[in-house]
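Next come two complexes, and both contain subunit A; in the first it sits with subunit B, in the second with subunit C.
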Partner chain A sequence: MIRLLRLNKFPILKQLQIEEALYRAPNSGNWIIINNGTPEPIVIVGISGRADKLVNLDEVESRGIQTMKRFSGGGTVVADENTLFSSILLEFETLKQLFPTLSAISSSSSSSTLPSINDGNIYPKDIMNWSANSFYKHVFHEQIDFSLQENDYAFGKLKFGGNAQSFSKHKFLHHTSFLYDFKDDHMMACLKQPDKIPEYRRNRDHLSFLCKLKDRYQSKDHIINNLLKTINNLPTSPSIKEVTLEEAEQFLSNPHPKSNQLFDYNLKSWKDITNEYNPIKNI
Partner chain B sequence: MLSTRQILTKSKRLVNVCQKQQVVRGISTTSNCLIKNSTENDKTINSINQQIKPISTLNKIINNRFEKQISVRNYSSGNAPIKFNLADVGEGIAECEVLIWYVKEGDQIKEFDKLCEVQSDKATVEITSRYDGIVTKICHKIGDMAKVGEPLVEITPEGSVADAKLNAGPASQTTAPTTTTNINDQSSPSSSSLDHHEYDITKNGQKYKVLATPSVRNLAKLNSINLNTIQGTGKDGRVLKENLLDFLNGVSQSKTASIPIVQKTTTTTTTTTFSPTESLQPPVVVASPINNKERETRVPISGIKKVMVKSMNAATAVPHFGFSEEYIMDALTFLRNQMKPMAESRGIKLSYMPFLIKATSLALSRYPVLNSSVSPTETEIIYKNYHNIGVAMDTPQGLLVPNIKNVESKSIFEIAQELNRLQKAGIAGQLTPADMSGGTFSLSNIGTIGGTYCSPVLLLPEVCIGAIGKIQKLPRFDKSGNVIPQSIMIISWSGDHRVIDGATIANFSNVLKGYIENPSTMLFDTR
Partner chain C sequence: MLKTLTRVGTQAFNKNLFSFSRNYCTRYTTDHEWVNNIGPKKYKLGITDFAQKQMGDIVYIELPKIGDSFEKGGEMGTIESVKAVSEYYIPIDGKITSANDKITEEPEILNEDPYGEGWLVEFESDQSGDFSELMSKDQYDKYIKDQN
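Right after this comes the complex of A and B.
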């Protein structure tokens, strides 16, 4: 069974807190979360991101935009109400049931004699390929130039979706921010050119490297519908149960390490998030 | 059983020891020669004697040291630290950044416990231990780049606690500029006593401690039991061997047994689904494709299932007496429908169960022997002066039976509240040992999935259990002989026939039937 949580303009900060709770809780099951935008613009860096190196902090602060660090790795994005968030949390067992040929492909591609990171011998790159070829390719089926460029979803060489993954022994999380639209000004002013960039980017600046889904789709709803159709057409037709936010929020009370953080512009350092999801201030 | 490598290492050490002993003997021999060959010159003799003393002393010191080292080495010869390397994360990625440590030096760790989290390219990867033992060295601090195929940690295998004390280094490094984790900052020192070993993980200021000796841990591990689910009765809540054995025998502590169907019945499932919503959705079981290449698939029985095997085996030693009865639910249905809006206004989903639980408690007050247990020596019946009624529920972890405490003092609303809380906790995997232990009587609402008559198995040390079948609209005769539709629910009871007889259960059932079929009579007896 896969639990489907649909959110609309739900703060991405809280969504990431829920995702971390689901990811870190044992036996939380399989989840797909779709969120149509976050109400306020926010800069999101990956887990090991250095805020000063990736973000123009003064600029961001003066615009009243928060900067957060998410628990998963990967790059930086300025998200707002026109960003579409899609997160897939699956147990490897479920993935193998849905796509039995996946493990056969991944084990042949791995020539390593070192122990595997998980029972299934499934590596992050395998999941990246699977997500593009077996899932998002169908979501964006109208676009013939949809491709996976290193770790990004692109049309040709223009990126429209960034990914991050987290792997544990029995499950993985793959979450994506799709740029339906964005403020050019935000992207350019808020984000620095990162040190580590994918090869295919070739030193292009943000505006030359990214593209907007709105140029190809009339509405976000169209994309969301494509996403729902793809979910409902997964092989072996697993049961999809639409759930409420409350059901997901229950996992927040399971004790777990909390790696999502907010940047404190005054202290110039990361601080733990204190909100209704995490009311106890961590010492 | 020592590996070849370990045997060779041990042999080398012994050879070294023998060689050193020969040197010592050489010194002794020399000193003896000096004595024998001493000249008549007293001064020479004295000086030689003076030389012999230091040599003898040196001899003693060397011997003592070697004895200690031999004893230590013999103790630890099979338990050299294992270098646990960073696994391959695929696609030729050569190194990963260390993000979080879940352990610190000196911590005890078990196979499959989380060690750390690393980042490779765009994926964070959780690394789990492949060994049981003590973490004796953490090779990278947070923020370091760990190379694939090179050691992440060193783990000294289980059983050599003395060695862990000899080899344990300083507390692990905590110099990460980011505060993605406060684990190492908050760690408390490992116990220095050999009598017990603190297993202490601190995550963001919250500490989790399970006190138990290595032998108890080993026994728990062999039986795939999480020590966190057992209430320890030793000092400071220590889990003792007897607590673990009691748990395994299903005598007390956590209740994780299911209520399987033993004999010929109409139901074949052993799970009870409890959904917080009233309209119960049965779980959809997706048929997995049959792999024609393999004739069979072996799945190890572990965790809760393993405990179930043991507790069900223990229950077979108790003679079960079965009794079933029909209960007319029309009046209770009407009452529940009346109360539903009030419950909803208080944020509670109201099912039949709170009513049935309360009615059961009222009936138990009249027949308290059904709320008792038999002493292990079978010489006493222990009457419990409280009704902690267990309710079976299907959770992601499996079938669990948490109980509602002191039902005799709770209102129906309070019972409904507590039931809601337990259901939510069950789904979230947060049922505590307190929730799971201390039950005196159990109910299983298997009818939410289906079925009529059941043959439930006792949850020892309880002496009675009821399995509630589905509510059906069936034709019955009224007093005038007319056929009328009635909502009928069957409850199948099992009792411990060593102390419970048929008449007792039948009388108890009649009292319960009175309460269920005329719920207003519950008002008379409710405190």
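Right after this comes the complex of A and C.
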């Protein structure tokens, strides 16, 4: 069974807290989470992100925008109400049942032979290739130039979606932020050019490197409907159960390491998130 | 004195022989870690060349703290590459005695020299039996071959 959680304008900070709880809980099962935007703009860096190297902190602070560090890796994004979030958390055994063979999948980015995922371990590049060629390719089926460029979802050489993966012994999390629209000004002003960039980016600045889904789709609902169709058409027709936010929130009470953090502009350092999901403990 | 020297010399020889042979006793896990027995109840751990290739460029490593104890199979930390954040595990019960801080500053060392400068941690453990049950080099090479 795969649990489907649909959210609308749900704060991505809280979504990531839930995702971390689901990821770290031993028997949380399989989940797909779709969130149609986050209510306030927020800068999100990956687990190893050095805020000072990736973010124009003074600028971000002056605009009243929070900066957070998520528990997964990957790059930096300015997310807002026009960012579409899609997260897939699957047990490896479930993925093997859904896709017992990779024979139909061609890798556009890897020259190595892919192992059959029915025999042996699954590796990050396998998930990247699977997500692009067996999942999101169908979501964006109208776009003939959809491709996986290194680790980004792109139309041609223009990135429209960034993703991050986390791997544990028995499951993986693959979550993506799709840029339906974004404020050009935020992107240019808030984010620095990272030291390490994918080769296909060729030193282009953010606006020359990114594209907006709104230029290809009239509404976010269209994309969300494509996502839902793809989920419902997964091979072997697994049972998909739409669940409530409360069912996901239950996993927050499992003791687990909490790696999502917020940047404190005064102290110039990361601090633990304190909110209703992680209240201050009374001493 | 000659007898003493002989006894001491023999002891020293045996100790060196022990160290020599044990330094070359490396075992491997199905999670693609290597574990080297570097002395009585002392072990050093890293990830294999196969693992670092699967990960791609490594950009960040989270190490456990000295003094942390882990049960067999416990997660010690994470390694982030451009493709993913992956966990690594302790294969036998142990307590961390040293962590390779250099690789947190220069994570690329893990790609460049996974068996040498790219070691992750040293730990102490009483579980030599569990260590012996890990894969030998030949078994690990076969394991990788079977994966592909």
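Here is the rule we use: the second predicted complex is superposed on the first by the 261 of 283 C-alpha atoms of A that agree within 3 Å, B and C clash if a C-alpha of one lies under 4 Å from a C-alpha of the other, contacts with A are read in each partner's own complex, and residues count from 1 in each chain.
Keep this in mind: a residue touches a chain if its C-beta (ideal position, glycine included) is under 8 Å from a C-beta of that chain, and two chains touch if they have at least 3 such contacts.
None of the values given here were measured: they were computed from a predicted structure.
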item: Combined model on subunit A where subunit B meets subunit C, clash or fit; value: clash
item: Which of subunit B and subunit C A:Asn27 touches, first, second, both or neither; value: first
item: Which superposed partner A:Trp270 touches (first subunit B, second subunit C, both, neither); value: first
item: Subunit A residues touched - subunit C or subunit B, whichever exceeds; value: B
item: First (subunit B), second (subunit C), both or neither touched by A:Gln97; value: first
item: Partner chain in contact with A:Met1 - subunit B first, subunit C second, else both or neither; value: first
item: When the two complexes are fitted on chain A, the stretch of subunit B hitting subunit C, from 153-161, 207-215 or 351-359; value: 153-161
item: Residues of subunit A contacting subunit B in one complex and subunit C in the other; value: 46-48, 71-73, 115, 123-125, 127-128, 151, 164-169
item: Residues of subunit C defined as touching subunit A within the complex; value: 30-31, 54-57, 59-60, 62, 73, 75, 78, 80-87, 89, 146-148
item: Subunit A residues touching subunit C - in the complex, by the definition given at the top; value: 46-48, 71-73, 113, 115, 119-121, 123-125, 127-128, 150-151, 164-169, 172, 196
item: Of all residues in subunit A, those that touch subunit B in their complex; value: 1, 25-29, 46-48, 69, 71-75, 97, 100, 110, 112, 114-117, 123-128, 151, 163-169, 236-239, 241, 247, 250-251, 253-259, 261, 269-272, 280, 282-283
item: Residue ranges of subunit B in contact with subunit A within the complex; value: 85, 87-91, 97, 99-100, 102, 112, 114, 119-128, 130, 143, 148-149, 178-183, 186, 203-206, 208, 281, 283-284, 286, 288-289, 396-397, 424, 427-430
